[in-house]
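One chain, chain A, appears in both complexes that follow, with chain B as partner in the first and chain C in the second.
Moving on, here comes the complex of A and B:
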């Protein structure tokens, strides 16, 4: 095959998909580019359009508007078999009436390859996923993890340039899920083809992907490297959805240099880096704050320390031991979830109980400004300003 | 079910008694017929048994003695076979077709189902009148076949809906993804996966046709199917040969059902549905 055919670069150009006229589109004027040979995760809550995108790339769904390009060629109206893609279905869709070997060899049988040739190739692939001993079994006789590997072998037998995976790990138990996601990443590296993986699990996306695309309501909220998605979410939606950071917000009180001081809904003062951005006093601005960079201490009797900056006081709402750290959820009284991930050794030096009053403090450098803005000053802002 | 003290509530005994009565009512009369069909040569239509013989079965195969049992049996089997094949072909095609929500699908569906609600005897009457109007002779292979299809097709379609309702369409998508053409998908994936259900549709078609009376009685023409022949016998045959017919037809129905359900069970077992998945 020539180099151009092997190119698994995906371009989604201004694609809209509407299922019912008048209803909001499942995918809304979306643009996306995925480099050849990269591992991309489409991440979002159910109904955000991520599976629709995947199915349109696979050719199982036609865009209402817009184009899909693979390797520079417009494939919008091509059937799946002419796209050089292969799809791994949610819960695998292994044919229940065919043996593992026949399942894997199916695509070659459809292409008219002789029985001996296709079986030899299928055995080769089964060997790769360590299932050669199960060739004559039926899918129902395999465990969930084995079924997943059969599905992978079946999809790879045509040497696709793009592998599309629809929630590939959701049918597995936790232990297998963690093992198989590492396995998927390894296979992708080995083959050097493009993987597009749909999931609603944040940590799964960040663990396997080069690029994570966070979606909501048919649109892309952010497309960035896994590290950036986690460390530098663009807006409050992505920050809340990924969950590694808290969203803090306040009305701008004053700006000095690159730092704005804002007053939160509960009257605490926080600093946010605004760089060259012009912000108006009274404007509501938002920031993300890393949960693992927050210190939590007991609040001594008496009123909360109003004069402290970059601090927040509240009641401990929940405590979850995560092994290497403890997740402390603090109810600060403004409705926004505020979580501090406290290192286990620090936490257990002086354990805090649910209902205890605490003060959380952080350094201004661990806060990043989010794109969200609200110019309308709220009642609390007017009072503070 | 037991209460905490281990004693069964009084409703258990009530329902158990009711169920026993039901089973007696269901199988009692049939059992009497099976026993009486082995009545001795000088025995009558009722108990007591006057010896034991198989002479009434012999009488069935000799034409003339008690109507044309052998001929009507052959006709009924042939008719049921044709009805089965047509029911399977039409219902599978219709069931697959109804998966697309085309315009007027609901109206079409109710049109088909409506013939289940109409009294069968009037369906038969209507068909025979229609044949008269067109100056055609009613015949079991023509008007009789049509009349039976008005009964088996809606039933078969309902069964097919249930079968297809459980069919996961991602099998077809996977096949398409792997390069199967529409015909290859149908042959290699859809039909084999639906096969147990399709056998069920055929089984329905066969037993409904083999037993059919109301729609057939006015449309069979000059030659009788088996149920019509038996009906005629009840009025003019006064020997236990009547019971022998009952025993023979029961055995045949039983074998058809065993073969049908047995093949479904075999297919399911081959697919490993009984094997633990972990």
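Moving on, here comes the complex of A and C:
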């Protein structure tokens, strides 16, 4: 094996990738640093450029502009084999005409390792993924989960310093997906190498990753720890995409100390922490509100209580039982999805039906200010933070 | 009305079975029967004699004819395989735009817009002693005298065969290659495979079914041809079928039938050999 420095730190520097001249770039002037030995998830809807980044790190695409560094070395123009990376492809791309053993040993064969040596090493890896009994089968004779483990063994046989996983769990059923994502995390810990995992599933990213990078339209919306992505999304896009919190917004009415009071589109009053930020009256500000910190109660007959603060009234649009909690979607009349996750025991004390009118209330401390700003047509212009 | 499952099965295979029996089974049976008949100058005489086969196997012309046909088949197979594989590879893996891919593919089929005979005969003014090719060679001072081997030779026969049959190699190989997941090739490159290794380890094995089908098309057509050999060799080369057609012109139907039976058996053995190497059914199913 090559004597490269086993440093799997990745730096993506001002990388742009354009497929067709004139078309919007798939990746747009993007900077990203991933520490050695960390588990990073690139998360975003399809077409956001996450797979393109992965393929550029792997060397299967060349950036139109910018550089890619692995372990401090510029690898932008190196072929995949000289990068010390290995890729696990979506739906695995196992060679259908070769046995499981030959699939796993393939990279060593390409490096000129003798048959005996490469088979011994491949068997060792198959043992690690508990597939030694299947060494002589063809990939088509294995289940999806087994194929995934073969793909993992095949990618790891060259001792890569970076493993790139393109939607590694999307071809599995739900039960296996949950099991295998824990398995991936365990393997990553054991090997101590960098994993970069592309997915469009929010919970998958949050479950496995140290760092989650949320992308949209070729740009990074937020790169942070899984916990921060979930609890402290930066803007309305990330908040909506991750889905653990609601986006609430309103026009600033007054500011007192670190708290701004805003009026929502439907006339409700909400409080948002603005800290030392200067906001102008009339300016539209956005906040995120944790779905599991919202209380929901029936609204008594008569007009909604206008004087309440941090409350929102509306009609129950959908109810989904999630086992330990119930997801209540409330239509507040402003088009923004508003969801309350109500603890199962609270919900079933007095179950609410679809169509029923409810009031949702929360405490101001569960709201965080988002970076989005929109000045009112006549309002003062404030630079975005 | 309810149709029993047995009846519905028979109804489904009926039309195809009828065509096979009437247009393939019966004629074949007639040929086999006639191959045992006796004959004189004017007529064939129903009988059961083995003389026709006896003559066939005792004549050393038979072996020469088969060797000649097999030689042509092998050379043409090798050339069409090389061209067919290259063209298919280029179309599948190098041409990115689907529109250009379809356009080039149609271009391959342009020669088929005219009849085989015209396509073949058009080589004569090109390759002839005073043909275009020789004129160009002389005009550019590559040679001083016209090249004689170009026309009415084995060379001309092979040129015509390759021209006629290459597409039969391109199409099945193209089909097999088009079904290769491009991620397999990336996975191989990711594992450090060179371009040549990708070809050898991935593309070639996964194109096997197409190569086998193309081989069957080309080999059976060359083995069954008499016209190309006759015209392009100017009567200097012969094939199994050209000898057979001479016998038919001389109204010697029983020996011609015996010769046809043996040819069918030989070609069937060749096809069986190809199918033994590549299990086309398994390859097509996967």
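In this text, the second predicted complex is superposed on the first by the 372 of 385 C-alpha atoms of A that agree within 3 Å, B and C clash if a C-alpha of one lies under 4 Å from a C-alpha of the other, contacts with A are read in each partner's own complex, and residues count from 1 in each chain.
Everything that follows uses one rule, which is that a residue touches a chain if its C-beta (ideal position, glycine included) is under 8 Å from a C-beta of that chain, and two chains touch if they have at least 3 such contacts.
Nothing here was measured: the structure is a model prediction, and the numbers come from that model.
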| item | value |
| --- | --- |
| Clash-or-fit label for the pair chain B, chain C on chain A | clash |
| Which of chain B and chain C A:86 touches, first, second, both or neither | both |
| First (chain B), second (chain C), both or neither touched by A:161 | neither |
| First, second, both or neither for A:96, with chain B first and chain C second | both |
| Partner chain(s) touched by A:141 [first = chain B, second = chain C, both, neither] | first |
| Most chain A residues touched (candidates chain B, chain C) | B |
| First (chain B), second (chain C), both or neither touched by A:368 | neither |
| Partner chain in contact with A:118 - chain B first, chain C second, else both or neither | neither |
| On chain A, positions contacted by chain B and by chain C | 58-60, 79-81, 85-87, 89-91, 93-97, 106-107, 110-111, 140, 154, 158 |
| Complex contacts: residues of chain B adjacent to chain A | 168, 170-171, 173-181, 184, 188-189, 192-193, 195, 267, 270-273, 275, 277-278 |
| Partner chain C, residues of chain A touching it in the complex | 58-60, 79-81, 85-87, 89-91, 93-97, 106-107, 110-111, 140, 154, 158 |
| Contacting residues of chain C [partner chain A, same complex] | 181, 183-184, 186-194, 197, 201-202, 205-206, 286 |
| Complex contact set, residues of chain A against chain B | 58-60, 79-81, 85-87, 89-91, 93-97, 106-107, 109-111, 137-144, 154-155, 158 |
